Every structure is written in structure tokens, then in C-alpha cells.
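Paired with chain B in one complex and with chain C in the other, chain A is shared by the two complexes that follow.
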Partner chain A sequence: MSDSIGSLRSYNPVVKVLAPVPAMIVTALSRDPWTPAVFAVIALVMLLVGGGLRGRALLWTIAGPPLLVALLTVSFGVWTDPGLVDHTTALLTLGPFTLWSGALETGLATGLRVVAVMLLALIAGLTTDGTDLVRSMIAHLRMPYRIGYAGFAAMRFVPRFRRDLEIIRLAHRVRGVDGGRGPVATLRRYNGYAVPLLAGAMRHGDRVSLAMEARGFGAFRTRTERRHVPLRLRDAVLALWLLAVCLVPHLLSGVLG
Partner chain B sequence: MKNLTTRYLMACAAIGAATGVLLIPAFFVSFAISATVPLAYAAMAGVWFLGPVVALAVLRRPGAAVLTMFLAGIINVATPAGPSAILTNLMVGAALELGFLITLYRVWRPWLFFLTGALFQVYYAISAYAYFNIDDMTTAAQAGFFVLLFGSTTVFIQIGLVIARRLMAAGVGRGVAPVPATR
Partner chain C sequence: MSEVLLRLTGVSVRHEVYDEAGAVSHGVPRPRDVTAEVRAGEVVLLLGPSGCGKSTLTLTLNGLIPQVVGSRMDGTVTVAGTGTTATTVPALARDVAMVFQDPDAQIVTATVLDEVCFGPENLLLPAGEVLARAEEALRRVGLWERRGDDPEHLSGGGRQRLAIACALALRTPVLVLDEPTANLDPAGVEEVYRTLREIAADRDRAVLLVEHNLDAAIGFVDRVLVLDADGRVAFDGPARATLTGHVDEMVALGVWLPVATLAALRLRAAGITLEPLPLTPGELATALDTVPVLPAPRDRPAVDVAAGTAILVRDLTVHRGGRPVLHSVSLSVAAGEFVAVAGANGAGKTTLAQAIAGVTGARRGTVRVTGQAGFVFQNPEHQFLTNRVEDELAYGLKVLRRPPAEIDARVGDLLDRLGLRELREVHPFLLSGGQKRRLSVGTALVTRPKVLVLDEPTFGQDRERATELLDLLDCLHSDGTTVVVVSHDMHLIAEYATRLIVLADGRVIADGRPADVYADDAVLAAAGLRPPPIAQAARALTHHPGWHGVTRLADLPVLEPTR
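After this line comes the complex of A and B, so read on.
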């Protein structure tokens, strides 16, 4: 794990999760295209500079947002009420349907808003390890460690689920209950997996809890950790920066009138 | 804290892990289809209720929905929603929990699940108004949005209750729920 100050990975996970929230709220409540555009660009630059992204994640981070904005612009443009925008220029007429430039503008603002919120969430999403997030929540949010360890357990349950699902699928196939092809049969098949999968998982949970208690889990009020997630000055700087960014709409409205 | 037995925590972890795995594609799909068809997004919004409904109906304990959705959120960190998935999930879990909190965890009948779910969707629709630009849509699209939103909520809560009933019939979680399942 990189510990350089330029790498987003070295920042505290809880700070990365909570600090962008005010910016997300400002973005979600804005109606103009400029505010979300600024937030999207800031978040994108932060991710590209400090994210340490590689391969497919890098490709999607660069190519995804413009594609999504384009898609959202057109689709929300189509859904917009023509009565509100028919004073603007008509760009395209297909039978009874007319694409108004005003509708596209609304669509663009909506698209930018969705993308900006997504990119702000990805600041933490692409650079955080789930177990570190839980450790940091226990240490810095004062979350009871018993709940945190339930989180670790849940993460460990996922690969087990995959194996269980494979076994259940094979068992169903051996007994010939796959029920044919097509989407309806597939849906019915998955419906048949849900209950045995969950029942197996909960029974496994019972056994895990017995094993944990047999080893003295929960005997004391506090618990020491082998791996420590730091909370440093750089995290305060990151939080202040993301809060300061929330002032952008005010500055923008000052500049644009 | 005293009521959080390890067994209860692990039961929540099991349901939470399953919910999290289910919601990973849901988060991806919701980003893809909120991009193309906002109405389809409304149609799948109910998926988020599946986990908390199963948890509450099987475990029948205060905090089951919140805890399960929190743990599911930890699994969802790897989705486009990132760790804000934890906040999204916590919001859904807490919302569903509210109806049971108000009735002091004495009523566990299906109507309370449906009522709480419907009330949350009213709140969600209002909060999503600005985000999805609903008031700029045509009237037909607006009506469709709400019909699909409430329809999907009802359907997924019903699925959750059926799964919960079958799980209880399988004898899972017996002894975790403090009240007998007949009430």
C-alpha cells in the first residue's frame, strides 16, 4: 500500500467516505449545469492524480463519465415535458416527437448531476479497502467492535456464498429441477436458490458465532487491533478541501451573474 | 449492547452478505438504467427492501434491518456507488425500521412492512424529485414513475416476506427471535 501524500489510498477511509457528502448534497440540489460540471471535474482530477488507477478501472473512469453524460442527456431530454421547453429551438422532428434544445439542456444538467455524485462517491470507492474502512470505523467513529467484526464476518461470507451457490446449483441439476430455458425459468430457478442459500448461510453464522464465543469474543469492552489505520493531518486537509469546494456554486453565481 | 448476541450479529452478517451480493448488480444496473430509462429505475427501486424485510421478518429484533443493511453496505463498497452505498443502505434499513420502532416492536404483521415501505417511497420520491428532474417530465411519465415505484416496493416486500416465511419453516434463526412467529 502506497503511503505517499499524493496517493488517495493513504488517506483515512472514514474521511474519504464522509467528507464528500456535503458536496454530494450541494450537487444533488443544484439545477444549473455548471455546479455539477465543476464538481465532476474536480472529483475526476482527484481520482486521476491520486487514485493510482490501472487497467480497466482507469479506462472506465476516463471513458465512463462522458459516455454517461451523453446517454443521460439524450434519455432525460426525451422524458422532459415538451410543454416546458417548446419556446426553445426544435432540433429534430421524428413523427409526433420533437427534440427541443431546452429539453437537451435539462437532460445535460441532470446527467452531469448524476455523474458528479457518482464521481464524488468513487473518490472513496476506488481507493478504499473494505476491511480498512471497518477498522477505521471501529477506531475513529467509536463503532462497537462487535458490529465491526460482524462486518468482517460478512465479507468472509461472500466467497463462501459463491461456493454454496455452486453446490446448490449442482444438487438441483442432479435432481433435475432446472425447469427448462428462457428468462422465466431462470427467474424461477434463482428463486429456488434463495432459500437454501440463506438458510445455509444463517446456519453457518450460528456455527461461526459459537466458534467466536468459544474463543472469548466479546468478553471485554475494548479490543486491540493488529493493524492500525492512521488518522493524520492530511485527512483534515482533504476534509477541509472537500468542504471548501461546496462554496463553488456561490462563486460561480457571482462570476456568471 | 446486551441484546447484540454474537449469534444475532452473525445472523445479520449472513443476511447482510446475501443482500450485499444481490445489491452489487443492482447498483451497477441502477446506474446503467437511470442513465437510459428513469422509469425502469423506479421499477427496480424495491430491490433494496428485500434484505431488511427478510432480516426483520426472520429475526424480529430491534435493529435487525439497520444492522443487516449496514453490513450489506460494507459489501457494496466495490460498486459505482462506492462507500456511499453504506449510507444509501443505512437509510433504507433505518426507514423500514421506523415503522416497527413506532409500534415498539410489538407488531410484526405484513401490513406494517407494506405501509412503512410505501411511506419511505413517498419520502424517496420527494427527495429524488430534484435529482431526477421529475417535475420536468411529462405527466404520463410522472404517473408511471410513481406507479412503478410503489409497484416494485410492494412486489419486493412480498417476495421478502415469502422468503422469510420459508426460512422460518426451515427452522433457521430459531431462538434469535424473542417473539413467537405466530404473532
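After this line comes the complex of A and C, so read on.
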């Protein structure tokens, strides 16, 4: 893991999760396309410069946002209630359907808002290790470590759950369960998986918790933290930067009138 | 005399039981009135028939009973001078470390090193001390080089060694292990026992071990504590003297003895007395070699194989997640064979079994089964669909739309055969482990399949239940059903199977009579298998070459009935 100041990975996970929140709120509440566009670009640049992304993650970070914006623009253009936008320019008429410029604009703004919020969340999402986030939450947010470790245990449950479900599905098929197709039959089938799945999960959970207590979990109010997740000056700078960015719409309204 | 580290005085445990209305009461005590002590440097093996409360007793040693698990405990347990009810369970982790049966249920963190550090961190030790202990413990079990790995990527034996390292890192005076090898393949059992032997040799702590695999454990145990079926202490004394001196009582109690000892008992019945009574394959071989003349081993009855082919597999190749699991496997099984499929974890055993029974679809090659095939999964609960035992049995026939009279007759017949008649209205999930297993086999049997395929049906079960199941399969086999069992229990395979197929890396590397396969060391090594104890002893004989092919108890001579 890089500790260089230019790498987002070296920043405190809690700061990375919490500091973009004000910017996300400002973005979500904005109505113009400029505010989210600026936020999206800022977040994207931060990720590309400091994220150390590679391979598929890099590809999706670059290609994903424009695709999503395009998709949302077009679909809003088609689905927006014409009553709201029929005062704008009609771009295209196809039989009973008219494409209004206002609809496209709404779509564009919405797409940009979604993408901007997503990219702001990815600042933490793509550069943070889950366990470090939990460690940092315990150290810096005073979250009880029992909750944090319950989270760890839950994360380990997921692949096990998936494996069990796969086997149960096979086992039921072998027994001749075939409720047919369609949502009702599927629902009934999944209902049948629930009992064995939950019984297995509860037993496993029980065993895990016994094993944890047997190893001293909960002996004291705190635990030794071998890996200290630092909270440094650079984290304050990151937080201030992300707060300062919230002034963008104000500045924009000055520039654009 | 060294210091007493563990002292139990009049310990009885009664588990909470819920009646149909949900009201709580307490069941019969198991264990009952146990008084015993374990001293520093001792390794004590806890034995007893299934259901006598061995595992329950281990849970009292660090206070999980009565503090966490819902049950009532009478009597007292003290560990290194501290009463287990006087302090909390986590605080007792300084004095008692536990290793449980299921390695997967003991893993909390994402790396091997973090996992071993977890315990010492809980005890608020300084970070430097935590690391020092973790390193020592990991080196002890041979996992230091893999400290950065995800525990998921270790083998079963590796994960259980990790659990042992986690216990060692707590540096407790008392170490308790509850069936640590029950969920492992033979290679894993071997690994864990190599580690345990080394730890026991240190003589620096008190070790209490529950284990049904006596063949592996007997070599390094000092003392045995034997409970009877009511949970009372039946015997408590030096391991060898107690087991050999009370061998007939042990058999009567339903305690599993080492296979070498069982063999000696069988020979004794045939008029060949071995002195001293052997406990290990090596001792059995030595004792047999001192007997000047041995009768010839019994001939195996020729396997009654029908002319017809029951299963035909040709060029079967299966890929999973882009990785080949089976490489162009071809085999044919005649009707009436009892086939065992063995191999290391990940060799493709389950995939082959599922393909034979038609459980999995997409594949290359052909699989043809004459008649209908039934499949029994490793975990019986995964297969249960209804809320009552008898509905569970009837389900397969209802799917086939059989007339109600026929369904009733067959279900009634199976209920008797499986010993489940009294329980026919019970919810399948409320049955005991052995009953669930029998019911799951019953659900596959009800449609009278010509071929029955079972995936590790004895996994995680003790010898009693395993034998009970194998006897049931043996009956089916005698009635003409073709049986295919995936298993790594070499002893059971040797006793029951007529044919053994060994897989390694998705290929068949051996296929023949179990006795012939066990003679091939290269195959066994490649598949991570060990010959069963009797075969080990037979092959070590120097004076009786005629016995080299003996692999199972049933091969030993018996007393000819006098007329």
C-alpha cells in the first residue's frame, strides 16, 4: 500500500467516506447541469490521479460515467411527462411521440447528478480496504469493536451463504422440486430454500460466536490494534478541500449569472 | 506430582429442551456427576459412546456452559484455580484455549496472521508481544510462510492447524480439542496429528482431547477418561493399561477401540490370543509375527455382479469457473457393485458423483445410467422439503404421481426399515444427526432407484453413526442396488466397498479392488490417502506372507462352527 501523499489510499478511510458527504448533498440538491458536472470532473480527476486504478476498475471509471449519463439522458428524454416540458423546443416528432429539448436537459442533469454522487462515493470505495475502514471507525468514531467485528464476521458469511444456496438449489432439484416458471413459482421455490439456509446460517453463526468468545473476544473494553490507521494533516487537507468544493455552485451562479 | 490445572467436581449438564408449546425444561444430565482432574504436562483422551456428553463436557471447561449455552450445570469446574462461573468466558481465554471440530466456524479475519493475532489482541497484550506470540505459534504449526494468505485458501488440514496456532498463541496452561479431525480428509488428519504429537511432546501444558479416531491419537495420549452411555465416568487411568485391561467393558460400553485392537479381539474369538493386546498397526504386526502359525485369511466371497452395466461414463470432462474439474473420465460400473470414490479434496470426487446421478447438467462426454439414480447430499438438511418425516419420504413418490395406496405402503415400509416410525410426525430438522442422515437416504430410496449415489455420507459423523449408515448401505447392496459412495474413510471403504476408484486432479489414477489399490504406494501418495490400519499391519508382517493382502476385519479368520 502506497503511503505517498499523492495516493488516495494513504488517506484515512473514515475521512474519505465522510468528507465527500456535503458535496454529495449539494450535488443531489442542485438543479442545473453545471454543478454536478463540475463535481463529477473533480471526483474523476482525483480518482485518476490519486486512485492508483488499474485494469477493469480503471476502464469502468473512465468509460462508465459518460455511458451512464448518455443512457439516463436518452431515457429521461423519452419518459419525461411531456406536460412538464412542452414549452421547450420540439427536436423530433415521430408519430404521436415528440422529443422535447427540455426533457433531454432534465435527463442530462439527472444523469450528471447520479454520476457525480457515484464518483464522490468511489473516492472511498475504490481506494479503501474494508477492514481498515472498520479499524478506523473503531479508532476515530469510537464505534464499539463488537459491532465492527460483527461486520467482519458477516462479510465472511457471504461466500458461505452463496455456496450453501447453490447446493440447496441442486439438492431440491434432485428431489424433483419444479414449481414451474414465473415469479410466483420462483418465490415459492426460494421459500423452500429459506429453512435449510437459515438453519445452517444460525448454527454456523452460533459456532463462530462460541469460538470468538473462547478466544477472549469481549474480555476488555478495548482491543490491541496492531495496525494503526493514522489520522494526519493530509486528511484534514482532504476534508477541507472537499468542503471548499461545495462553494462551487455559488461561484458558478456568479459566473453564469 | 505436577500441579492440577483442571479440576471437575460432580459436573452434570442438562440442556434446555423445548416442548411443542415452546416451554423450557431441562433434559437428562449428559455428562452426569463427572469428577476428574488433569495435571500439567498430561495429555488426556476423553472417550465415550455417541451422545454421552463428551462435547458438552468440553464446553464447561471455559465456562461456555453454563454462561453462554442455554443449559444447567451442577458441580464446579476450576481452571488453574479459577472457577469457571466466577469470571467471564472471554477472561478465561487466558487459562483455557479451545479448538473446535469445524475449522470454518473458527475463522474471523481475512489473513492467517490476523487470525492468530485475534486472541492475544482481545487480551489487550502489547502489539509487539502479540506479533511475537503469533510468529511462534505459526512456526509451530508450519504456517508462518503463509501468514499473508486468506485462511480460505488453506486446505482443511491447514485451516485446522491455523485454529491450533490460534489456541497456542493464547499461551494457556490448558488446551482443549473437540474432535479436531472429524471434518478433515486423510491428509488433513495426518497433518493435524503430526502437529498435535509435537505439541504433546512439549509437556508444558494440560491437553484434553475428544477424538473418535483412536488409531491416530493413541500414540501420544497418557491417560483416558471414559464416560458410559449415561455420561458417568466409567474408567479413568493410564491409556494403555485402561484400554487393554478393560477391553471387553469398553466394547460393551460402545466405545470405539483402535482398529488394531478390534482385529485382536476378532482373532481372540477365533482362538488366536495376542499378548500384549495391540493398540496400533505396528503392535498388531509385531504380535502377529510372534504367533508361529496363523490360519489362512478368509476368502472373500466372490462379488455377485450381474452381467448388466449400471453406469457407463465415457470421456466426461467438466469445467467449473473456467477450470477443468474432470478430464475425460471413462468408467463403467456393473449392476450390483459397491463402488467407493476417494481422493484428496478438490480431486473432482463430488463432481463425478453428481454427474453420475444426473445432478449437474452442462458437460462434455456421456453418462448413461440404467434405471433410475438417487443422490444423497453431504448435508442431509439441504435436501429436506417438508415439515414431517413421513411427508418427506412420500414427496418423491408424489412427484411421480403414484397412487396413494402405493405411497402409503412404501413410506410405511421405509419408516420401519430406517427406524423412524415413532418419529414420523416430527419436523425433519428436529431429528438427531444420525436420524437426519437415515431420513435423507430414505428420501432417495423411496423411488427404488437402481443406483444410489452418496456424497461423503459419513462426513463429520462419529464411528457409530457411520457404521450404522454403512450397514444400511450394505443391506441395499445385498438386495441388488448399485451403490456409489464418495468417502475418504479408508477403514469403511476397506470393510464395505467391492471396488475403489481413486481420483487425483480430475483424473482416475486407480480403479480396482480396495485391497489391490491399497498395495500401490504411488497411488496412495498421489491421492493423499493412507491404507487402513489393518492393511498397514498386514503389510508389515515378516513371518506370514500369506496375510499381506489382508485389508479388513472381515478378512480375519473366524472360529469354524463345531458340529
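Convention: the second predicted complex is superposed on the first by the 236 of 257 C-alpha atoms of A that agree within 3 Å, B and C clash if a C-alpha of one lies under 4 Å from a C-alpha of the other, contacts with A are read in each partner's own complex, and residues count from 1 in each chain.
Note that a contact is a pair of C-beta atoms (placed from the backbone, for glycine too) under 8 Å apart; a residue touches a chain by one contact, two chains touch by 3 or more.
Everything numeric in this text was worked out from a predicted model, so none of it was measured.
Participant: Identify whether chain B and chain C fit side by side or clash on chain A in the overlaid structures.
Facilitator: Aligned on chain A, chain C fits beside chain B.
Participant: In this superposition, which partner touches a larger number of chain A residues, chain B or chain C?
Facilitator: Partner with more touched residues of chain A: B.
Participant: So, A:V114: does it touch chain B (first), chain C (second), both, or neither?
Facilitator: first
Participant: Give one of first, second, both or neither to describe whether A:G218 is in contact with chain B, with chain C, with both, or with none.
Facilitator: In the superposition, A:G218 touches chain B and chain C alike.
Participant: Mind working out whether A:A153 is in touch with chain B, chain C, both or neither, as first, second, both or neither?
Facilitator: Touch status of A:A153: both partners.
Participant: What angle, rounded to a multiple of 10°, is defined by the Cα centres of chain B, chain A and chain C, with the middle one as vertex?
Facilitator: So the C-alpha centres give an angle of 70 degrees.
Participant: Identify the partner contact of A:F39: answer first if only chain B is touched, second if only chain C is, both if each is, neither if none is.
Facilitator: In the superposition, A:F39 contacts neither chain B nor chain C.
Participant: If you stack the two complexes on chain A, which partner ends up touching A:A124: first (chain B), second (chain C), both, or neither?
Facilitator: In the superposition, A:A124 contacts chain B only.
Participant: For A:A201 in the superposed arrangement: first (chain B), second (chain C), both or neither?
Facilitator: So A:A201 only meets chain B here.
Participant: Scan A:G176 for contacts with chain B and chain C and give back first, second, both or neither.
Facilitator: In the superposition, A:G176 touches chain C alone.
Participant: Just to be sure I read the superposition right, which of the two partners does A:L133 touch: chain B = first, chain C = second, or both, or neither?
Facilitator: The answer is first: A:L133 touches chain B but not chain C.
Participant: Across all Cα pairs of chain B and chain C, what is the smallest distance in the superposition, given in whole Å?
Facilitator: When the complexes share the chain A frame, the smallest chain B-chain C C-alpha distance is 7 Å.
Participant: Which positions of chain A sit in both the chain B and the chain C interface?
Facilitator: Touching chain B and chain C on chain A: residues 149, 153, 195, 199, 204, 208, 210, 212-213, 217-218.
Participant: Residue numbers of chain C touching chain A in their complex, please.
Facilitator: It is residues 59, 62, 64, 68-69, 88-91, 93-94, 96-98, 100, 102, 104-110, 117-127, 130-131, 152, 166-167, 170, 354, 357, 359-360, 375, 377, 379, 381-385, 395-396, 399-400, 429, 443 of chain C that touch chain A.
Participant: Taking the complex as given, what residues does chain A use to touch chain C?
Facilitator: So the residues of chain A touching chain C come out as 131, 149, 152-153, 156, 159-160, 164, 167-168, 170-177, 192, 195-196, 199-200, 204, 207-208, 210-220, 222-226.
Participant: Which chain A residues qualify as touching chain B in the complex?
Facilitator: 13, 16-17, 20-21, 24, 28-29, 31, 68, 71-72, 75-76, 79-84, 106, 109-111, 113-114, 117-118, 121-126, 128, 130, 133-134, 144, 146-147, 149-151, 153-155, 157-158, 161, 194-195, 197-199, 201-206, 208-210, 212-213, 217-218
Participant: Report the residues of chain B in contact with chain A in the complex, numbered from low to high.
Facilitator: Those residues of chain B that touch chain A are 1, 4-7, 9-18, 20-21, 31, 34-39, 54, 58, 67, 70-72, 74-75, 77-87, 130-133, 136-139, 141, 163, 166-167, 170, 172-173.
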